[in-house]
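Both complexes shown next keep subunit A, but they swap its partner, so subunit B is in the first and subunit C is in the second.
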Partner chain A sequence: MLYGYGGKNLWIDLFTQSYETSATDEYMAEKYLGGRGFTAYLEYTYTKPGIKPLSDDNHLYIASGPLSGSLVTGAGKVEIGAKSTLTGGYGDSNMGGHIASEMKFAGYDLITLKGNSEKPTVILINNDKVTFQNASHLWGKGALESEALLKKQFGEDYQFMVIGPAGENLIRFACINHDFGRQAGRAGMGTLMGYKKVKAIGIKGSKGFPLKDPARVLELGKKMYSDTRNKPGYRYWTDYGTPGVVRWVNENTAFPTKNFFTSFMEGYESLAGEVMREKIVVTDKGCFGCPTPCGKYSHVVLGEKDVYVEGPEYETIALLGGNLLLKDIKEVAYLNYVLDDLGLDTISGGNVLAFAIEALEKGVIKESDIGRKVGWGDVEGLVHLSEMIARKQGIGELLAMGVKEASKALGGGSQDYAMEIKGMEISGYESRYAPAMMLSYMTADVGAHHNRAWAVTYDVQKGRDKLEDKAKRVIELQHIRPLFDALGVCRLQWVEIGLTLQHYAPLFEAITGREYSWDNLLKISEKIWNLTRVYWFREVPGFGRGWDWPPKRWYAEPIPDGPAKGQLISEDKLNYLLDDYYTLRGWDKEGLPSVDKLKELELDFVVEDLKKRGFYQY
Partner chain B sequence: MKITLRILGHLRDVYFEGKDLLEIEADKPLTLLEILNRINLPPTMAMAYLKEGKPIHKETILEGGEEIIILSPLSGG
Partner chain C sequence: MEKMTIKNDLCSGCRACELVCALNKLLENNPTKAALKVEGVFPKPGKYYVNYCKQCGNCAEVCPTLALYKDEGVFKLKKELCTSCYLCVDACPKQVLFINKDTNLPLKCDWCRDCSVVCAHEAITFLEEA
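And then the complex of A and B:
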């Protein structure tokens, strides 16, 4: 008996519109836990090497974790993985809501979409039964509208993952939407779903899943809930959610402003969590099993527009607010709504829009390419340009490739301000005066995403000029934070509310019956990290140190104004950080894990694979 | 008069040697900023300062008897 797991994997063949199931692999469960562990393992071992991201062979993996759907707080996290359509490297994206729990209740730890459908399709999973429904009537419709129509057509008790026009049109940073406001936003998972012509996946489950010691799970789970509610920070977190950090990020000059031109936005106060709560929030919204509903459901009236939207959360405020100089929270929320409905990731989307405005200012793009003037803080123009991107109209087709590919095509020096690493647009922290955060972005395994190691507080508290110990801290965080994505739970009760890590290991044992210490779990996380790293080497020709390098703006342009004026991390310092990081990880000068390190992590199959491919000479 | 400061999160270890409770004695009302100066905490370090669960500004005058929560920064999602 595999305790803590639904017990089955569902394999869907879209070519034949058929499916089969298999028992969840006990080896995978033991060695990779679930969630991100499963997506990493399967991308390396099951997806065919060397394929194009947009190809029939790129499988889309949807994985819950052993703690998903349980009484652990925040047990609603699902991982969606595939070779990234945005970067061409390892891809995954994590999403809250109710998919992970519903999968478990239907009996599944993993759902894999193989091949692609001829026509637009909705996959309906009702416990053991899977059907394929025509989605032609939804194709072209917004993600939010489509989800409402799907609920009406098939029933409120289905949990849906839906794409918008951006996914259908293969925009490389298309997201998957769920529950009217949760997104698997990064790495282009919605793009692959669109390539497969899957408009939506609905899941409904009514089974339980086995627990090793149900009484102990109940006891520890109740304690975890009451401990969470009794933490003094609980009320603040619940009231303001992630927007509560807007003020701190600005006061500490790490707020991406005007395409990361600078690090502080005059007038940021209007975007702060307290203002947002007062002006637009109508209620709080949480994921499955969450006592701290950080989602903020907002009502926005802007001219003739009258919409409801979940958000904006911090990253969206940073990338659509600061980075585009939108200073009215209503405008940020409205643009958030537009991007959600189009099915565009707001982080990449905010970057692409900012890149386009700067390129327009510098004459690399012309006003005639867009059909109208678009400038900083111009919400109408930004909505117009977002529509062009999602529908690949005019210059939108080029911008739809993301800033890395768009800047390569445009030239004119635009690569210097294409704010990406490994092809993924940078999320919400300006890092020219935050070396640990800079290193975190440089080495994140999907590209420049903050959730692997949110290290900016370490910089602020331990010294922003100091480089020593930064790599060590980044590595620690890169093992702790992604571990939550392998377990299928939210990390915010730990990082925000202050639950101790010791809350998790006993619950893991009571649920699964496996006795892992916290150190054992972190070792698994390190193994997953190394596996995603070697995936890049295998899949991306010429991959190495240069791929860990930030855009030129971040090492050649000092912060031009504000409290951090003049700050910059030089190339020498970046090299110091990378050398320290690689050494501590047991990687060579190009960032390739050593044979010894891989063997230490029980990744012998990787060693054999890479030897055959000429990576190791012995 | 006495003002109690409760420190949550990693600021406790970085600035207060692991202490999560500080008591400030004063002979007159003080602004929050004056209190922060007294305990050598740079005012931008915390994400929020809470009184009765609600955020207060650094200029807020504390009369004595209050408990102020100093909240370490949280990640942005």
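And then the complex of A and C:
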């Protein structure tokens, strides 16, 4: 028996609206754990190579982890993976809430959506029973509105994943929404769900799953919760959540401001966690099993608008606040609501909107393309433009491709300020004065996303001019942080509260019965990292070093003002960072993992596959 | 004597209390078998409620075999006397007396306090009665 797992995989065929189940693969559980380990392994081995992201063959994988749904702090993280519709490379997106736990209570470690539905569909999973419901009445409706209607129709005890119009209309950075405010935001997972014509997936489970040593889980789990509560950082974090870092990021000049033009926002105090709590928050909102809920649920009245929204969390404040110069937390929250309901990722969305305003200022886009004036800090104009994007109206159709493709099409020098790496828009840390964070973005395996290695704190601690040891720390973080995504739990109790990592391996053993040291687990994480890397090489012709390069603004334009004025990481320094990183990883000058490294990580099947495709011929 | 106290406005809906309850009572990892239940009301007004046993004693009053008895302010179940008639389940005004489908016995909160241990937010606490 597989302890700690739901035990089954659910394979849904949308062409025939049918399904089958299989036992969870013990080899996969042992070698790849779950969550991100499963999505990486399946994208490489099960999804056909060379397919277009928007095609019938691109399966959507939903994977919980072995710690999801058990008495471990933050046990509510699910990984959703597929070939990315935004980047064309390895894609996954991690989401909190109650999906990971609920699918395990229903008996599933993995749910795979294959093929496409002809008509808009809701997939309803109630333990062993799976049904396909007509979703025509919801098609075109907002994600938040649809979730409320679905709960009314099918029952409050279903946990839903829902897309908005952006997913339906195949906007490349469409997200999946859940629980009125949690999102699998990145890499276009909502886009693929829209392509499959799946408006929503509802899951309800009451079966639970087996633990190897439940009494020990009870004992260790209670201690983990008590230790979390007793940490000094607990109170502040719980009161303010991720918006609590707005002040720190500005004080340390890493706040994306005005399309990453600068690193510090005058008046950022009005977006700080304390202000938000006082002005708009109505309740804390935790994911499954979370003792430190960063989710803040808000009620916003702005003119005639009266809305409820979870958030804004830090990334949204950075990309819709700083990056668009919205200085009122209510305006940020309202735009957050609009993007959530449309089903647009707020990080990519904030980037695309900022890019559009700068392109408008520079004459690359014209006012007539948008049909009205839109400027920095102009919430009404930004709402208008967001709707144009989600519905592919006018210039919205071009912007819907993301800043990389939009800037390519627009030309006029706009690629210099299209803030993306590997086609993914950069998340909330301006990195021209933070080499480790810069390297983290350059090498993140889905594109420029912060969650793989939040290294900006290391820059601040160890010296912001210093390049030495930055690559080493980024690699360490890239193994530790994504490991949480394979285990199906949240990392924030460790990152933010300082809970020691020693809690995890004993609980893992009590839950699964498998004795892995923390180092064993990190080795698995390194294997997953290398697997996602080779996926890019296999799937993207010409992939290599150039794909790890940041946009020109980040290496050619010094920060123009504020406390970090004049700072820049030159191309020479970027090369130093990348060389150091590749060498430490056992990768060549283009960033291709060596045969020895892959074999050390038991990725022999990858070596064989890549050799057949002409790699390693020299 | 300490009394179980709920502050709904501090609940963030994480369900750790349900999870630990089922682990404590049944050694099962299944929050749907817990003797308390967290419910959210979303999108409006955005609130959570904890349904829990206040030890009102309605269950004991209707028990025909006296299987439910009071022990230091807490109503507990003598399993050997229970006939699984479930009159207690019907009588519970908060609907927090559940049937354990594996044993066919009612599952009754006995104020073990584990829920308060994992409720870091202190929505569930045990306070000295005024």
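Following the convention adopted for this analysis, the second predicted complex is superposed on the first by the 617 of 618 C-alpha atoms of A that agree within 3 Å, B and C clash if a C-alpha of one lies under 4 Å from a C-alpha of the other, contacts with A are read in each partner's own complex, and residues count from 1 in each chain.
Simple rule for what comes next: a residue touches a chain if its C-beta (ideal position, glycine included) is under 8 Å from a C-beta of that chain, and two chains touch if they have at least 3 such contacts.
For clarity, every value in this text was computed on a predicted model and none was experimentally measured.
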First, second, both or neither for A:Glu315, with subunit B first and subunit C second: first
Which superposed partner A:His450 touches (first subunit B, second subunit C, both, neither): first
First, second, both or neither for A:Lys279, with subunit B first and subunit C second: neither
Which superposed partner A:Val460 touches (first subunit B, second subunit C, both, neither): first
Partner chain(s) touched by A:Gly244 [first = subunit B, second = subunit C, both, neither]: first
When both partners are placed on the shared chain, which of subunit B and subunit C touches more of subunit A: C
Touched partner set for A:Arg473, first subunit B, second subunit C, both or neither: neither
Overlap of subunit C and subunit B interfaces on subunit A (superposed complexes): none
In the complex, subunit B residues that touch subunit A: 6, 8-11, 14-15, 44-48, 50, 53, 55, 69, 71-77
Touching residues (chain side subunit A, partner subunit C) in the complex: 69-71, 76, 98, 101, 105, 144, 147-148, 156, 179-180, 205-211, 214-215, 217-218, 221-222, 225-226, 228-229, 234, 238, 282-293, 295, 297, 299, 308
Touch list for subunit C against partner subunit A, complex: 9-10, 12-16, 19-20, 22-24, 27-33, 39, 42-48, 114, 117-121
Partner subunit B, residues of subunit A touching it in the complex: 231-233, 235-237, 241-242, 244-245, 247-249, 251-252, 274, 294, 313-315, 318, 428-429, 450-451, 454, 457, 460-462, 492, 495-496, 498
